[in-house]
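Below: the structure, in structure tokens.
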């Protein structure tokens, strides 16, 4: 995570201030729960809540204490005691540091997931708007980078919409994975703390109690979370790659918006480069890479070891901040994408009608020609066109074996663009629920 | 995927015979659907179905054709035509190779997922049985590899159960991700094929129509599928690592079953090594590694490129076969695991009562000692025990600052093991729905 | 590793026959070394060598024994004893299985490295030949997929040559990493075997003795080896991606060779797809992915655990066979690549002279115009050209601010293509040592 | 990279101040080189050098300009012009941004490599010192976590030394990979800049000219660099894992140094956890993960795209800062490691002499017993010991089949510890060049 690729709302989730505030809330809720079940005096719990809520935690002071005791939660509790006074002794009773750390991390991840869901909603809205805008704008469909058959630019965007809609569902599932709370003590047996405390805190924080924890919340949950972010990043890469291709000099069917003051190149003043989507390609590589250490974190030793911690201090912010930035950037790109329908049409016409070859092939088989013969007939007329030696329609009409089976009108009918657009509404209805 | 780590049922899914059979079914169902909507003669579709169903496809023959035409689906269709006769010309009408290939791959993956789900069920059954067997068997809980507080061996297994139960849910979701069918033509516009064909084939194969495909079924689905397998593999690694730790010479609380004829080491005849779980650790690394190329596969160019294909020819079998083998092996390990409750008790007693230090700490604070002072008192009596210089209980009783606050009986009460087991039923009920 | 992407010579290295042959050589050399230092009778060592050399090891028989004893080396030694007779008792004295397994794996890897080095030599030869063939063929250089300035097709190939030449040096270093031998006993102390045995065997097998082994040869060596293969694969992906771009319908400056009988698409007969380089892109993803489990293999427990073994049984063949195939395929692609210099020239002319904008910018600054003003002048004439509204040279001449500083001839001189080619010989000399 | 796991010297390399200083040096050296070959006035180059050298670049000002022009190098040049005055127009002539950016990145990486080499030297020194300290301290060697045969603690450290010595050599090679300079213009043709400028700047900065660049320095170099860091990190993980194992409650042969004020656990005051080495395990996962996006960066499109940039802005600092911190932390751990030779001896004696089983096996075969029979004899006496039913030496002496072949004295001789230490000097001489 670097400032250049970070947005303030997501970054704030990972600030020490936010972290200590969440720690406090966990501790104070737990103390209150202990009061509810009669373990600590209710007034003490009240004082903890009130004094802590009113206070601003002094990050520098906590850091100073940590340098001495070499333990972050103890440092925080020491500082809290400075604020709360004698009632602080009722705080953290029967709890272990991980109860605080793991629950806090999950609170941060759920908040991060909420921001990412909002990012996805914005992206989906932009994609839907642009998809309908270009629903029937013909453009060449390409497989292997080679012209295949016509499609529409709206269909390209509908595919992107459907893909990010799936990403949204995955993120909802991933959020549920890590929306758990553990207040279960040193090895998860609730020896020193009543399970009702966990239930109370979980409810206050909008989490679910972890069914069985072992000091730590099990890290398969987090592995699944970060793996899901990696998949979302891969979808970002796909759409970014599409834009990069469309903006190539030879294709130029669409372009990232280029603001008036912007300079494309220090050396070549004419250049307008797809730098945003190239940037997104790189960011996707990063978010994807964080899935691996998250998976390696699963196999903690026995009831817990702390090897996951350094990983999570990094990938927690790195993955969520970078993905948040990337989604917002992609939304901007798609929202303002400059689209050139005319160039699309020109490119479509570029191969001299070859894009209609399959339709000719089918028409021939329907006239009773074998598939193998049809293929041969079509290919022998396609190849000269490919070499720039003529127009596909003309050549077909002039081929006696073809004209023996199909009239000129029948051949020409194969070249109708509308033929390819007739199911656009069907697909739009599948994707958007409307056409 | 290598034979050593493969089981026949999963391997069979990836045989050429199975693949061609599925290709045939897709083609034959599609031809039947075309007959239903009046595009091809019903009798022709019937003949295709009957002759193809009765035939055994000749893999060597198809391979020979492919070497000539350098295209696998065309090779298959050519061979099918040899079997079916002239009606073969109605097959594959308006379809593109990817319609067959992608739908087939998803059929294979769903079948693989079904086997993996059965594997998980078997593993869950073994874990549940053993968890109840050792529900109240005390054992030391360890954080950082250091003795922490008592837990039970059943709780360790309950945690594993809960983790694999989550893995099961994830796999169900992952299966749904890739249970789709696409019969949408060259760039997914249904230009040459009616969407009803896709719906018909999907239903016959137990799949869902892909809402919008672009010759290919989008690969974010597969990325999610293989990422999920990677997470499951990581959970395997966790449980395997636990067994490896328990079997260490110095711990020896449990052992992999060692069959009579087995030799542990060519050089050291006494050795009984946790080779199965070490092996599982390595297999987990492999399954996890396949998530990455699956994610890189997402960003295909434009409507498709074929870079994903070589990856999937490898990781399709490699990931599913290896994971199937690993789950079955882990089930065997857990089912036959030799458990030594006595050693567990001996290890538990090893630290001279230090494992009860937190309880003493809590008791002191409840007597009104500040948390900081309590910590100091406990630590100064714990350190000599750690150095082997005495027994914790004795030292505490002899400490005047401690005895000023707690009677000997109160101190002794802190050393009661039952204290740690009182919530086992609560946790079992959360995990298994019964205790 | 699958047959489709495998070549026989590399595959043979990983066959059980080769493995058992190498095992035998290690054991027989070691026995001979033991004879040299007087530990076993020389005649016995001679008999072992002769009978073993003459024999064909029965893979099925060894497998059957292994199923019983569950230990591969013991199974082999048992079979060897069946062949050699009573003298077999002198075999494997003081050795441990890993002495055989690890040394064998390194022999296999060095042989694999030798094949890969030969592959790289063939690729370098093809690249050099084609680089000189197109040394001065002008083509547009592209940054961000956007036309930048002219370069030559030979320079593109020279860059690829330099990159694979670096890969070759890396592979030489990687080969040295794993060209070690360990015959050091159960924990590497040479307690039961003299270090001279290790030296003897190492020399016979063309290896170096491992300075300190601990039953296993340390796996950082193998991590480095497989990471290096991953880097080479990434360079394959780069060149493959270049070809894929060049073959795009809109670019079409080069094409993979398309054999007469080949069919590009089952549906679209005109298509000629860059399937080989797309395939290489996927294979690169696979080879790259194997670096990860190889790195995870490094941290074996204490003197060794066997978790690396299953990983290596897979990635040993998978990585080397796939990379061998990929290098050979890439060599074929580059050797037969169909190049279209005319299209290159057409594409170069496509942007109406904009590719010369930097040269105009420089000329203006050399006439005393500030960099900022020059940039502004160039950009305001470039933008209309970009929009298809005119020719860059004409517009510049018509711009009064430009013509106030430069004569028409001076402006025109900026559009000379030769200007960009003047250092080609310099670069070729750097890369090939000749121009 | 986060502050918690960062050291100031390495962090400084990645500060904007350092970056702009390097940018300035590249630009100023290049201007001077242009003066040398007569392209710009020598006095102008002198003024650029002097004014720039004396100035402090205003990072905030440059950022402000960048926000407007959206191009970092142009922003810097604009600011430089504010400092230098009219002579600034001679700066950057014929260069492209990447000339500055790529060369700067390589300068930063070589400086980072130098720090890492110094880190490795410090680690090697610590390992050598401790290795000699415990050269002959007996400890049990473990394979599969199971007691195998005796070794010495010094040998464990010698192995670590040898491994990090290899890492050092790899890093030297990796440093050479990225110690190159490119000043070759927009597509690397030197069209607007003389190759002598590149040579001049390279020499001034201690770099080698990149033989053929294409606006960018090829990223296979960086992939190799970061992959090497990943391998080094994996070796850190290995040694860290060893310490974690040794500190386990049941093993406790060594411990991380635990400072007086330190608290091990907020809940369990007696605990002393191997938190530093657990932390290193996590950091290793992170450094390793950065190898992947670095490899994906290789396949830039055509002469360059900028997708690598965001990746490198992150992994450049992240990988080097984290690895620097990890190496320094590991050095501290090994330097201050508390070693318990007595516990080592106790653990060694734990298995009732079973660790000598192989020696007994060998002695029996040397007495003419077949390998299979020897194995059987040893195993039948080992198994009761394993079950805690007796002492290996006593049982062997009582076994009539054994005593028929070996006298009691001969059997006892097999239990001599010195036997296992006799080659320690040989190994030390191999590793350290002295014993």
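By letter and in written order, the chains are A, B, C and D; residue numbering begins at 1 in each of them.
The rule is short, and it goes like this: a residue touches a chain if its C-beta (ideal position, glycine included) is under 8 Å from a C-beta of that chain, and two chains touch if they have at least 3 such contacts.
Remember, it's a predicted structure, so these values are computed and weren't measured experimentally.
Engineer: In terms of residue numbering, is the interface formed by chain B and chain D classified as same (over half shared) or different (under half shared)?
Structural biologist: Same; most numbers are used by both chain B and chain D.
Engineer: Between chain A and chain D, what is the gap in Å from one C-alpha centre to the other?
Structural biologist: That gives a centre separation of 33 Å.
Engineer: Give, as an integer number of Å, the spacing between the C-alpha centres of chain B and chain A.
Structural biologist: Here the centre of chain B sits 24 Å away from the centre of chain A.
Engineer: Multi-chain contacts in chain B: which residues touch at least two other chains?
Structural biologist: 77, 92, 142-145, 148-149, 185-186, 192, 244-245, 263-265, 267-268, 273, 275, 278, 281, 288, 292, 296, 301, 305-306, 358
Engineer: Based on the touch definition given at the start, go ahead and assign the chain network to line, ring, star, complete or other.
Structural biologist: Topology of the interface graph: complete, with all chain pairs in contact.
Engineer: Under the stated contact criterion, what part of chain D meets chain C in this complex?
Structural biologist: On the chain D side, the touching residues are 77-78, 81, 86, 88-89, 92-94, 141-145, 148-151, 155-156, 158-159, 162-163, 166-167, 170, 173, 177, 185-192, 195, 209, 211-215, 218, 220-221, 223-224, 227-228, 230-231, 233-235, 237-238, 240-242, 245, 281, 284, 288, 291-292, 295-296, 298-306, 358-359, 362, 365, 370-372, 419-424, 426-427, 430-431.
Engineer: How about chain A: which of its residues touch chain C in the complex?
Structural biologist: 140, 142-149, 244-245, 247-251, 263-265, 267-275, 278, 292, 296, 347, 350-351, 354-355, 357-358, 361, 375, 378-379, 382-383, 385-386, 392
Engineer: Flag every residue of chain A that touches chain D in the complex, lowest number first.
Structural biologist: Chain A residues touching chain D: 1-2, 4-5, 68-71, 73-74, 77, 92, 95-97, 185-186, 192, 244, 259, 261-268, 273, 275, 278-279, 281-283, 285-286, 288-290, 292-293, 296-297, 301, 305-311, 313-315, 317-318, 322.
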